[in-house]
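Both of the next two complexes hold chain A, though its partner changes from chain B to chain C.
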Partner chain A sequence: MTALVEARGVTRTLPGAVPVTLVRDVSLAVGPGEFVAITGPSGSGKSSLLYLLGLLDRPTTGQVLIEGEDTAGLSAGALARIRRERIGFVFQFHFLLPEFTARENLLVPMRRAGGEEAALQARAAALLAGFGLGDAMDKLPEQLSGGMRQRVAVARALANDPALLLADEPTGNLDSANAAAMFDLFGEIVADGRRSIVVVTHDPVLAGRATRQVRLVDGRVVSDTATVPA
Partner chain B sequence: MSDPAARFVALEGVSLRYGGAAQGTLAVQGLDIAIRRGEFAAVVGPSGCGKSTLMKLVTGLAPASEGAVIVGGHEVAGPLKIVGMAFQNPTLLPWRTTLDNVLLPLEIVEPYKATFRRDREKHVARARALLATVGLAGFEGKYPWELSGGMQQRASLCRSLIHEPALLMLDEPFAALDAFTREELWAVLQALWMERRFTCILVTHDLREAVYLADTVHVMSARPGRVIETRVIDLPRPRDLDASFAPDFVEIVQGLRARIAEARAEQLRAAA
Partner chain C sequence: MLPLAVTIALRHLGKRRRQTLISVLGVALGVGFFIGMTSLMRGFQTYFVAQVIDVAPHITIKDEYRTPRIQPAVLAHEDGAVAVRGVKPRSELRGIRDARATIAALEEWPGVAVAPGLRAAVLLRYGARDVTATLAGIEPAREVRVGNIEKDMIAGKLDDLRSTANGIILGIGLAERLGAGMGDTITATSPTGAALSFKVVGLVATGIASIDNGEASVLLKVAQVLQGRPNVINAIRLRLADVTQAETLARRIERAYGYRTESWEEANKNVLSLFVIQNGIMFSVVGAILLVAAFGIYSIISTVVHEKARDIAILKSLGFTEGDILRIFTIEGLLVGTAGAIAGALIGEAIIFGLGQVKFEQAGGIIRGSGGFILARELWPYIAGGIFAVLASAVAAFVPARRAAALNPVDIVRGAA
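Moving on to the complex of A and B:
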């Protein structure tokens, strides 16, 4: 089984008078159906690792593979293409465009990928409805609650049906009920076994809802364990 | 009244109450304001007085409970399409390069949307030129995390202007930046405005920022907010930092500060 994303001996060091190493010799393979939580103290390199897995940054040494393909030699354009087609992102801030409705926000990446407008509109509506946002689709982000906004952000990340969803503290602005609901949603998203999710969180209770937990300290993986079902 | 350009944005006796009629919060009441086409207006006032509410009313994000909101000669009935917006919050998509972020509205807004793919080269050239005017030439391929906060806000301004909106709404856009970066961005925004002359409404709690940038400064009362003073700033342009320390400039700032202090004192007296 090919991993959807794999880091092999990845180290990332920022150059400078005093070089800073963000990620040290990390190896991690995430297969279809896996829901991985990356945990660790603040500053341990969680976000840095996620940026590397998402091809938003490049390793200093080591490799990042997407579906078995080494990305090291690829041009910026080729990386952007992989990202658009195969990776969805969610962050702590929703990054929805304030001028546009929930549906229009989903249509942005969809239109970029191409397709007939009516079909895209229908798909955007179906995706939002599937996330319990049927009544919210023609509302602006300002008009939605924080939890709803974050669900729209997840729907947008899935707009082009990527195999891999990467999330950096996606529940950082949510109360605990909404945060738990978001992790339940992630569980549903990987349930069909086609996709995988890697989510950074510093909340151990939420991490316990993932199927696997990877803990970073000082840029290194110190543990990598399957979650024991409660 | 007869000249629509003189009332490009107009609020007439507007009130807005959040949440139920009886127990809800009356955010603004008896709010009157008129902004000319091409004018740079600033709105200042004590925290919680309804400045962001005013922005929501103008852009159609929130309907008025009473009164009329008019933009471009039409009463606002729902979210407007002709506006660009920028806020204090980061809104550049982390997974897109600076250039792709700036191009974003063109992928969504007519008339650009329909021909975006065909005319991409032309749009890219325009976006690059716009980035160059705010000092971001050479950063087109960088991701937001590779830019400083000030650079991100410059890119956000470009994104809010690329589709040439008739109205630009800025709600505390520079509040999260350090003082030096903030002052640099005043000059950047002024240059963009002087070149393009869009109508601009800037909400800020920084009185120097308001006086540096605006043609008129509207002072709001404490909640429920209404405009209690409109001050015309007829200082010559382009204004610069040196000018912001000149006596005439400082005097205007002091006058505004005194007016807001009065509004806060009235609020405290009313609460006592």
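Moving on to the complex of A and C:
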């Protein structure tokens, strides 16, 4: 079975007078239906690895493959297209577009990808309603609570129905109840076995709810274990 | 449904309403002043040129030579090293030789009307006042085909020149300087000392100061008698059906007859070149206004890009390309420029309307009796100003937009986390 995303011997070094290596020789394959938590101390390269997997950054050496396709030779435009159609991002801060309502925040990437407006509208509404945001659709991000914003962000990440959802400390700004709800949500998202999620978190309790835990220290994978959700 | 990039651009600008408004206003003022000033300048210039074309002959053949005649010694040795020094323009009995034949020949040309004239300086005297003026001897029947003297007469009739013994038509400014009016008798003295009395039978106001203040017209025969130059014609004046051909035709005539032949463009070269300078000054001032406005746009788009760094990272993570980002921010500049161009057209209208309301007495000025600014109503300044504003805005926005497109989302996301 082809991995949705695969890193092969990926190293990322920031150039400079004193080069900083963020990720060292990491190999990791994530298949459909997997819920992977990347853990590790601050500065261990968790987020950097996530950006590499999400094609926001390019590795210094090594390859990143999306559904078996090597991305090294692709143009910036081609990478953007893959991000648009096959990858969804959730960041620590909700990162919603402040001038747009919840619904419009979903519609922005949808319209960019294209499609019939009525269908897009319906899909956006259905996604938000599914996340319990039916009443908040036409509110601006500043009018929403932290938990709601983050759910809108997750809904937006799923707007174009990507196979791969990448989340960088998605619960970092949430209280424990909201954080737990967020992880429940992730569990539901991968439940159909079609999608996979990679979450960067430093919270071991939450990481324990993933199906697989990858631990990074100093940019290297030190452990990669399957867990059984509690 | 607006394109996505336009929607995003509009939202960005909508969030910064005041700043956007000021940028739009900056562009609008530039465009508005451009339209207003252009209308003012072009109005005057077009009016002036029209008056000149209307009043003065399109081509004047004078009894002068541009360069001394080529000397026989030079002609005889065309390839020889012969130079004749100290040659002066030939001095002969002043006047165009064989003028009648020349006129007859020119009248054969299609679209050409010809009138003979004898123009010379005289001293006009009325009571104790002496004024020097150019006395033009004219043939009324021919003159009406060449000039507009009949239309420009504000008192009397051209025919009175013929029906009255020694009638004279004065420019309105000249009459004022003399203090003479209709029916008064004035004395004209030629440089040779001959003097004749004339009765004022008409007053002319052409709108061109040099004519109104310095010219008087009498019958050609009378002028010839006064100047003691019987049968002499020293100016042949032509009017063309197609005024744009004046310069070409003038050169042809000069080649054919040798006499100095001036088109209206050459005769008014000083004024026309003044217009060029005037336009140069106007366009640089207005260009500077628009340039400042463009910097305003640059400033707002730069600010938006700076403030929107995070949104740019989000959009990129959502799969927007560099081209998309470039488009969004360039469109923001274009929107400001377009809004400015439209508002500028309205401001331009308002300026033209305002200038139209200004009334003033312009005693002794170039244009008499207009009582205010002459304003041109043309479409092209609106289009040119608009295009310039939109282009300048696009360029001003493109620079920061390119910076926005080049932003690395990872740097921004790392910085925020």
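Just so we're on the same page, the second predicted complex is superposed on the first by the 227 of 230 C-alpha atoms of A that agree within 3 Å, B and C clash if a C-alpha of one lies under 4 Å from a C-alpha of the other, contacts with A are read in each partner's own complex, and residues count from 1 in each chain.
The rule is short, and it goes like this: contacts are C-beta pairs under 8 Å (C-beta built on N, C-alpha and C of every residue); 3 or more make two chains touch, one makes a residue touch a chain.
Since we're looking at a predicted model, the values are computed, not measured.
In this superposed model built on chain A, chain B and chain C take up the same space, so to speak, and clash. When the two complexes are overlaid on their common chain A, residue A:Asp192 makes contact with neither chain B nor chain C. In the superposition on chain A, A:Tyr51 makes contact with both chain B and chain C. Put chain B and chain C next to each other and count what each touches on chain A; the higher total goes to C. Touch criterion not met for A:Glu116: it reaches neither chain B nor chain C. In the superposition on chain A, A:Leu140 makes contact with chain B only, while chain C stays out of contact range. Using the contact criterion defined above for the overlaid structures, shared-chain residue A:Gln92 touches chain C, although it does not reach chain B.
In the superposition on chain A, A:Thr101 makes contact with chain B only, not with chain C.
Legend: residue contacts after superposition of the two complexes on their common chain; A:Arg81 is shown touching chain C, with no touch to chain B.
Overlap of the chain B and chain C interfaces on chain A: residues 51, 54, 56-57, 76, 80, 83, 87, 89, 91, 93, 95, 97-100, 108, 111-112.
Listing the residues of chain A that touch chain B in their complex gives 51, 54, 56-57, 76, 80, 83, 87, 89, 91, 93, 95, 97-101, 104, 107-108, 111-112, 140, 142-143. Residues of chain A touching chain C in their complex: 47-48, 51, 54, 56-57, 76-77, 80-85, 87, 89, 91-93, 95-100, 108-109, 111-113, 117, 156, 160, 168-169.
Looking at the complex, you find that chain B touches chain A at residues 56, 59, 61-62, 79, 81, 83-85, 87, 89-95, 97, 100, 104-105, 107-108, 113, 116, 141, 143, 145. Chain C makes touch with chain A in their complex at residues 1, 4, 8, 11-12, 14-15, 310-311, 313-324, 409-410, 413-414, 416-417.
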